[in-house]
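Before I ask anything, let me first share the structure, which is written out below as structure tokens.
In this document, chain identifiers A, B, C and D correspond to the written order of the chains, with residue numbering beginning at 1 in each.
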């Protein structure tokens, strides 16, 4: 376990959450430090998306705690967490197809003061020239990849302390995936922390400082992105064999 | 179905007694109410007899309408239309405005027939329209009928209306007539209760709360609703005939929309899917204005307050307040212990020798090719695992097999015989059962009832037989309940048989769904992520259960994320990616398949 | 599941005790018990205006009699039930009055829809009943020997309207308009037939939904058909006003003749110009009409003076108040003369009445004639001339 | 003749259309179809008459007060009849809760105001005959209302937020939009649209309690035929309905007119359950 002296930006402890009767997360512990990129890996149905939703307050949680920037987020809705600087880009690039690119970004800047809004929008667009060119066009006219970029841009508009990206690569061509992930790298430089849920392990590891592997609703592995033999350990973690050993090994 | 008949033979006498006890237990309060009602003329006066008659007449209609609104969940707010029709038909026939005068009793019967026809007409839009739209369309019929009554002066007397029919002795006195109404109400209640406690009643509730699961169980919404509309229409029209006689005179303005609302509201404050609740609702709403006579001016307002109060405070209605059995806490530390040995009792050795085959299936939504030329071969007595990343088309394939989606090309066959595409209700009869990713359960029904839904197609009694509780209907019930209990025992939930399903834990619901699938004695079972949300030991037991099912010759298609389970129990595994088959083979082969590992892990 | 049973018995028991406490000793035995008059009034809901007017008369008369020591020491007790114009409620209330409140006579209901439903019920227990409802079939001395009408029948109304159109306005081409309610449809049809019988030429007949925002199409048709007078059968003030406004907008000076709702105060609020209300003649009554000199008949004048300050007339019609008073007096008188409040005696007394001097009119009943109101007293009056609930006679009548 | 049918037809049609838009606005914010829509139209007329005629306030003041009061009613609707049942939309409890509330409103008006139609003030006193303001006012109001809505939705962030919530409630929340406040706001907005319709149609329909139930139905027809959630559809269908209804009044007479309307409604709906501009049904599995 890597212990850091600095108080983590995001600190999740013993989190239990789920949908109605379905408990998906069983006592999840993760943390993200300032300016750090953390990849959250794991097979489908492991609870990655659920975890992000619980953190941003889209889902209520029944046990455990979430602290962000020292603030207790229990019972805090998505709006407050967003205001606190925690931006959540949900899966499936669900942008508002009937509204223009600019409007989509303005909506993300809803709480930002009037005169500041356009500044933020331009700033976010500066990361994605290809959609900046289409700023007047409706979201429906964008390709899947561009819609994903727009979704990420929506997250950036708030100048978040932590950006949570849920499978930004889903349904994107490798080229576009790289486009999105380079942005993640740039964000790290600006000191923005990123919590990245990814299917494409190599690509995730390429940008991440640390990885957590989630399986069956619990963290089965935490490691530095650079550690050797990580792939093999992940595989085992995924397929559920000898998990106990690994968790013991940590 | 030999297995089924075995089950029937195995119905031991105490099972039957048990079943009767359950059925009659729910009848006790109803009977009690009618006993008290019988006494009304004895220790009170004509006024209260009149009010009681009115209540009985309203209940005659509401009781039947309860099947449409309370059970099938169709928002029929305009049923005063059929009341009006019945009133006018009875009156006109017995007055002889169009024909030689007919004796009122016979006129009443004819009205019943007319009502059942009209009931179907008013009801049919429910098959096509969304709930609120349907509500408004019934309201439309209500207006049309009164307007016609108003305009057709030569027959209906127009605005002045007609003197209502007078029933012959012994029904010509206040109490005589009251007993007539009470009799009709009692019969109607008995019939409704019979339907409610039959496979048809459960099917109605299934249509309301779990339509998709209902289709998978082979329930045809259209057929079922038409039968119910016929019954309800008849009852409502006869209520109209009695109403006309009670009023002694009918004019179009006697059939106010408030009346319609009263019927509708009685049911909903009574509680959906209950008979006692709506009955109390009707009684309360009919008596209330009489006790609150001085408040007449505000009656509607109070009435609305009551309604709002009920909706906000007790959405379950009166029935929920009276449902004590489901108040007592369940054992918190209960565990699901499937009894593999019982499976052999539940499932007869499957005769199915051919396999369920998908050949070159293609289905795209919009531009996206969800399934892109997939071949699949599910053999009897084998477990076929289907894995792959999200959006790789696993569930889509399940939905194609069970007939919810119509593939653009390719076909699904069993032993060379093509299954009709896009018709889910046919699958149960073809021996294909399934479970769902998120359990499709009727929360307000008991666990056993939920399970019995799965056996709906095994019943052989008709709706009429159920209505009149004829032997075949009774036997169906015995058989289904017996099977249900057996199946529940096999999945290890028999201790929860009579508990409201929505009180169960998620993991238990998964097993309830499997039990429901087993009810139809299927040759193939499609399981959609049965292990999702289950604890490790539960997953292990699930594995054993599936293995045992397969031993009886059933073919299983298992869509699962829990790779460990897949590799543990499957005979064959197919890996999908982006709608295509990435690899197929034995678990061992797949386990080491390089592409799979990378695709599955990404990379 | 025992609780529901208990609950029901509880409410059942409540019913029974209610019955017990409310039931009274039989009328015949106690001579000092109050005279109970059941009063079926549509006090709320649509078209509640008449009932409210009647009620003032009823309460006034009862208080007067009781203040004077009652009838042979028996107080008058008025038991009112608000039927809201709903026949169903009326049926319940009537049965309650008969079997539970044990009233001696019933006054009302005040509209035909309810009356049609309750009359047979009252007949069944031979309950003495007076009502002001117009529908002809309500009075049938064979079927309902207990029911008496103290107001004109539809036939009498229609006769007055027809007579005025044909004999005084001397019009030959008639347009008849009714609304789509039960009353409107019935009255209009009745009127059309009667006009035809009298050889008049009904050039236009229609039923209009009183919510119809614009009456122009019908009015234009009537005009194009050459109508010289428009007969209106509707209780909807909204529809009346719209008709007047349309006529005004069309600059057409055809007279309106018909139902008294056209003279209601509500119409005054709804018409665009005051003068649009001219040339509107509504059914009225001699007893409640000012002659050319602006004087009421002596008896009426004396009545108006007597109630001054006690009953407001400005916002309702004199004939309602007078009718209410007469109803109570008819019952009181019956008990006073026969010394009994038994149904048979009351009915017997009423059947013997000849020109009983009421404030609304002189009532005459006989065993085979229960339409008590004198036809000649039904007259037409100027709709816009309301003053303290009375109207000036329409032009053409000799006082 | 045809002229007057068109005039009154378009006029009432415009009112129906705006009530339809009221239904839509409430629906897109909450997926709830509320029986209070028609009541708001009725209240627009009643409050207008109350403030301007009975209390003698100047027209602009009366107008603003009317809108204000109705907006309040809208907010109350959201709190009392909508929010509590949002959790269980599939049970259709909203049908009951909103029905109950609308019955209360109706009863209150009947007892506290009047059961008889009351006069509505003449606002501008422009035009007569077929060009009378009572005919063109609702039509203009409909145009203005739709224009204003368009401005709101296209050119203000709040309006865009409304659209966002209507399109994808979850995404909107994830984005940090104040979903709950926006829902309250759109109920107030819906109420104002309804009140505006009632106010503009006041001279035509009068301040009459019975208009509530009437508009509830005739306002829903355009929604059903035009397609739930589509304001364009509501306007087209509303105007069509108005003309059809007035023509029916004229051709088959008052008694059968309503029969004609209901019949065509049921038939068209069966033919096209999603309405003219409606979205197709969503996949169930």
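The rule is simple: a residue touches a chain if its C-beta (ideal position, glycine included) is under 8 Å from a C-beta of that chain, and two chains touch if they have at least 3 such contacts.
All values reported here derive from a predicted model rather than from experimental measurement.
Touching chain B and chain D together: A, C. Counting C-beta pairs in contact, the pair that comes out ahead of the other among C-D and B-C is B-C. Put simply, the C-alpha centre of chain C and that of chain D have 38 angstrom between them.
As a whole-number value, the distance joining the C-alpha centres of chain A and chain C reads 78 Å. Taking each chain's centre as the mean of its C-alpha atoms, chain B lies 53 Å from chain C. If you average the CA atoms of chain A and of chain D, the two centres end up 43 Å from each other.
Multi-chain contact residues of chain D (touching two or more other chains) are listed as 111, 255, 258. Contact of a single residue of chain C with at least two other chains is seen at positions 44, 180, 185. Along chain A, no residue makes contact with two or more other chains.
Across the assembly, chains come into contact as A-B, A-D, B-C, B-D, C-D.
Within the complex, the chain A residues that touch chain D are 56, 58, 77-79, 81-83, 87-88, 90, 94-99, 103, 106-108, 110-111, 154, 158.
Every residue of chain B that touches chain D in the complex is listed here, in rising order: 73, 75, 77, 125, 128-133, 135-137, 139-141, 143-144, 147-148, 150-151, 211-212, 257, 261, 265, 268, 272, 297-298, 300-301, 303-305, 307-308, 311-312, 315, 399, 404, 436.
The residues of chain C lying in touch with chain D in their complex are 44-49, 179-180, 185, 206-209, 211-214, 216-218, 220-221, 236-238, 241, 249, 266, 269-270, 272.
Partner chain A is touched in their complex by these residues of chain B: 389-391, 438, 504-506, 509, 529, 532-533, 536, 561-564, 567, 591, 597, 600-603. Within the complex formed with chain B, the residues of chain C that make contact are 1, 3-5, 7-9, 11-12, 14-16, 18-19, 23, 43-44, 81-84, 86-89, 91-93, 95-96, 98-100, 112-113, 116-121, 135, 137, 180-186, 189.
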